[in-house]
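Next up: some structures, all given as structure tokens.
Note that chain A is present in both complexes that follow, paired respectively with chain B and with chain C.
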Partner chain A sequence: MAEVIASSSPSPVSVRAIPRSDADRHEARAAWMLAAPAILLTFLFIILPVCAVVTLGFTDFELGYSGFRFVGFENYAELLNDRTFKQSLWNTFIYAAIVAPVSIFLALGLAMLIEAEGIGRSFFRTAYFLPVASLIVAMATVWQYLFHPSIGPINALLALVGIEGPNWLGASSTVLYSLALIGIWQTVGFNLVLFLAGLTAIPRDLYSAAEVDGARSAWDRFRLVTWPMLGPTTLFVTTISVINAVKVFETVKTLTEGGPNKASEVLLFTIYQEGFVYLRVGYASAMTVVFLLILIVLMFVQYRIQDRQVHYT
Partner chain B sequence: MTSNGFPPARIARLALLGFGALVFLSPYIFMISTAGKTQSDIFTSSLTLIPQRWYFFENFAKAWSRVSMPTLLFNGVVVCLLILVIQVIVAVPCAYAMAKLKFRAARAMMVLVMLGLLVPIHATALPLYVGFDRVGALNSYVALVAPFTISVFGIFLFLQFFRSMPDDLIHAARLDGMSEVGIIARVIVPNAWPAITAFSIFSVVAHWNDLYWPLIVVSNQAYATPPLGLLYFRAAEAGDDYGALMAATLIITFPLVAAFLLAQKRFVEGITMTGLKG
Partner chain C sequence: MKHFTKLLATAAVAVTTAFPAFADTTLTVHYPMPGFFKDVMDTISKKFMEENPDITIQFANPSATYEEGIQTIMRQAGTSEMPDLTFIGLNRLRMADERGIPVDMGPLIQNDQNSMAEQGFSDTILKLAQVNGKQVGLAFATSNPIMYYNADLVKQAGGNPDNPPKTWDEVIALGAKIKALGNGVDSIDFRWQGDDWMFSALLFGAGGTMLNEDESEVTFNGPEGQKAMEIIDRMVKEAGMPVFTKPAGEQAFVAGKVGFAFQTTGALRNTIKNVGEKFDLRTAEIPLIDPENGKLPTGGNAVVILTKDEAKQDAAWKFAKFAAGPYGASVVVPGTGYVPNNELAAKSPEYLGDFYKENPLFQAGLKQMPRMIPWYAFPGANGVRVTQAIVDNTSRVVDQSATPQEALDDAASEVKRLLPRK
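The block that comes next holds the complex of A and B.
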């Protein structure tokens, strides 16, 4: 139907120079009506709660107690000396510093291999993407079994070659790395699909042109064509991967509850504990503000890089 | 770049990809295998994939009886569908107004949308929880759905898509006497299916998997969503009954994985579209 309409009126005149005509006013009114539900809900569920969280961060509000008082920066001062919180920030940083780069480069490598290979493309894509479509709480449970120190298949495999496997999720020295492994497994497929789309968009003749210009080796072609052309994709994949890694929660809550010995305390888990288990809403709000600031800094860095990036397409 | 022969480089490439795929799929292989093993089988032979005694039925029966699986799956479907439908109904008209109508607030709203993209549920959860607690709305579908009725990401995605739609289409419809609502329903939506499908996949995957918010607002099994239900099941099954646990994970993982396998192409297109534009 739409096509019929389009072809029946080749090019309607769109002179709309007269300001504030009746039609314009009518259009603006219609626009307000259409946008009203979205504006209302944005205020109710995003703007208001964000303002509330910032305000609550300056109070000693606790659920279950009536009344609260403003305490200025007391919560933030407490955060500076809170060992759990500092540990939690550090763990989140380590987790993100492992998961983001590994899942990005693994995905890029796999995407290039798949792109270069003729057969089995959709099979490989499916295999690597499957974790993205799987319920993470459920798959975390499977990983718990795989990681089990005595009956788990991973340690059984290691035993075959004579290595005594660690107590993956049960020891404070390995728990964060084990969680990072699950995180990588879960993220690679998503990044891979984005990289595949980016690779397909690179014009073939650029490679032949590079070859004529003397880019003989595969590394040269990667350095001169693939990497620069993938720039925007890589930036986007990096931002998403870092932000998602900072937001790690499901696996920690399901498998370790921050333990053993707070070795897997991560930011969102600590906020969850403080706010919803100990019900110290004011203090947890201050933590949430720190979390929001981290997200803002990450986005800001992305915008800055994006601005400087050379666009080839 | 595709060749028909099998030179060493290509064999190495296929071997690498194949090995990687095997590693990525191994959790599923062990999940299925373990769901069919007896307790003693699990404890003695962790590397044998074929169960010594076929125990699938017993494990599934156990998983099915301990936690009400139909309730969980039903809740998951209801919550995801309600969220998706309301998100689309709210976001599409707003995005249309911002993209195609002359409207002075559009710029301010764009700023709002960009800021909103920054704020995940984790940042708003505390005040929202206090609010829902005050009005006595915890443990309800309303609490599970309401905070997600607005998707600034949806507005952003639809906005991008609508901007690339020709204005002629809308002018023509207006000349035919259609109202703005009529234009959205009969011109915009039918032409925006790719964007709506992509957004649907994004939204359903995100909310089917979400644990954070349901964990906060639901403490009653009757409203548990699949991830939360699995958490309850784990607590109830304390100990190492991995057979039943794997059966439960299989049941709960299956719907979305099946949907993905059936509609793979759309999934990948959806992720690329929402991904690259988000």
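The block that comes next holds the complex of A and C.
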């Protein structure tokens, strides 16, 4: 993965060279032809739908009615006063603020532990990767059983040591944290594998060199070698984790339906409700635009901040 | 993935239409919830084709839920992909009608006056699938809310399982005793999540209504609504009802850890299957706040004709009548637990008369049939969203973050805002 990001750094190949000779022109034409399928598909499946969503966001289109009217910024004005939307923005923020950092640092710690251990490395790698490979909707039902307030194993275990377990998914005070727990469980494995790949790419002699230069403690070696060398990986992992956390939907839909009383209402679920249950496609499109903007801003800020500190090898 | 299955479905439809069957008319039928209805639909269509060799039934790809079903129909409405018949949730008929999707069955019934009564379509039953007096469909699978109880727990708590509670006071008192048994046992699972159906059961049971006659005023926060919400509050305060999510409540009940469950009779067959031999499962009529005039909301779906093609409409009407008629009901009832939407089917031994004698668990829903009134669908573009406002505020009572009065007042003011201005 580190290589993927490395290749996005400025490269000496210039695509904007102005063709001067016949050969150049020929080459340019060939390049366009080779790129054409990708450009066409990007246009069809990414640019066009985004344009459609942006356009629909300015209409009052409802599924089932034939026509629609342009309403300008009315949908966006409604969003400002929509209690559900505000709640769902806030819940998504809390969820992402828990899931992204915890799953990143937990994965980093585990990756270093596994990397340091010779035996059973592939076993642990597979074990931690299993949640990523499993179907989250099916696993959600398993979690729903584990979290069950009266017959669930987690609360049964807690009862053994004399603690009365919370009503994980049922109470509005705990539901978001329970969902975050499932989210972490789901993401750690993926992040772990990425970090493992990043760790193996660090040349061993750097550690020896650091030791010679006086980095005696493990913490010093981590701070001076591992962390900077993992820079590109960390940037990628952070990006993916944040996007995934903001995109949480399946667990909410299968386990809580946004309840109780909107305590687990998250952005994608709200969009789904508006668009597909209440059938207000125009309004849901406006929400989607806001959702996309949030993702874009997040990515932009992240790259700006982290890119300065990342050293590509 | 979804697109892929859709593609497959359209490909399948294209193939079948490319090779015309030998029958004169081919009807495409779409239905939701294959988990409940697939076997039922297969049986009914097979029998129908035997009796009507000139009509062929083919099924469009079924949708997982009522919501997905109606979305599919709305996307396909007016295109060549639109099926000829579909089954729509009773509380979504109004929304479909506001968008001009169903064919008015009024004239078709008019032409068929005599045989309709003969086939067990009474006026009460026809009313279930009417929107503002317009017949938009025929009720196909209908349900009402009943009381499920765990006879073992009732016995342990000192109750008599052969004489189940008849009033909410008795339910709450016995529930408290069941809760007191300890060992992780809970008293009541009241299915308030998901939609406003179970709140309607309490409200209609007290003789209340959601809105007034001309739909200009909210009335569910009146005295009947207050009584309804107070019952929920007392279930929590006096009987210790926990905040269950929908699946959690279901699991706990079939695991034998809950005394009473209040939900649709449509879930009966599945509940029987899931409980197995774990405990003695019984059912009874749901208590009513007003035992005299109390009513109950009707859940389920109706068969709706979509095709505007007149030749096809005749065939579609035949199928609709057949599916909603006595034979259809005699397939749906034992297969699911829904109550017969047809009076002939319920009484005649040729259809279900004997079934009810042999399966007493199914009788609770049957006995409540005279109380069934339509599941109220709110008017206007926000009709569906209104139900969510009621669910959210009910949940505040269940988790005790609001008093019944506060919750009702908040729900009423939210609903007022969402209703169309008159």
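We take it that the second predicted complex is superposed on the first by the 261 of 313 C-alpha atoms of A that agree within 3 Å, B and C clash if a C-alpha of one lies under 4 Å from a C-alpha of the other, contacts with A are read in each partner's own complex, and residues count from 1 in each chain.
To be clear about the criterion, contacts are C-beta pairs under 8 Å (C-beta built on N, C-alpha and C of every residue); 3 or more make two chains touch, one makes a residue touch a chain.
All of these numbers come straight from a predicted model, not from anything done at the bench.
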Partner chain(s) touched by A:81 [first = chain B, second = chain C, both, neither]: neither
Partner chain in contact with A:276 - chain B first, chain C second, else both or neither: both
Partner chain(s) touched by A:66 [first = chain B, second = chain C, both, neither]: second
Chain B versus chain C as contact partner of A:217, first or second or both or neither: neither
Partner chain in contact with A:41 - chain B first, chain C second, else both or neither: first
Partner chain(s) touched by A:53 [first = chain B, second = chain C, both, neither]: first
Contact breadth on chain A, by residue count: chain C or chain B: B
Which of chain B and chain C A:172 touches, first, second, both or neither: second
Touched partner set for A:141, first chain B, second chain C, both or neither: both
Set intersection of chain A contacts, chain C complex versus chain B complex: 63, 141, 145, 148, 151, 276
Residues of chain B touching chain A in the complex: 1-3, 10, 13-14, 16-17, 20-21, 24-28, 30-31, 34, 42-43, 46-47, 89-91, 93-94, 96-98, 101-106, 109, 112, 116, 118-120, 122-131, 133, 146-147, 149-150, 152, 155, 166-169, 171-173, 175-176, 180-181, 184, 186-187, 190-191, 205, 208-209, 211-212, 215-216, 226-227, 230-231, 234, 240, 242, 245-246, 248-249, 252-253, 256-257, 259-261, 264, 267-268, 271-272, 275-276, 278
In the complex, chain A residues that touch chain C: 62-66, 141, 144-145, 148-151, 167, 169-172, 255-257, 259-262, 273, 276-280
Footprint of chain A on chain C - complex, ascending: 67-68, 71, 74-75, 77-78, 95-96, 99, 101, 184-186, 193-194, 242-248, 251-252, 255, 257, 381-382, 384-385, 388, 391-393, 395-396, 398-399, 401
Contact set on chain A toward chain B in their complex: 1-2, 5-6, 8-12, 14, 16, 24, 27-28, 30-32, 34-35, 37-39, 41-42, 44-50, 52-53, 56, 63, 110, 113-114, 116-120, 122-139, 141-143, 145-146, 148, 151-153, 156-157, 160, 185, 188-190, 193-194, 197, 233, 236, 240, 247, 249-250, 253-254, 268, 271-272, 275-276, 281, 284-285, 288, 291-292, 295-296, 299
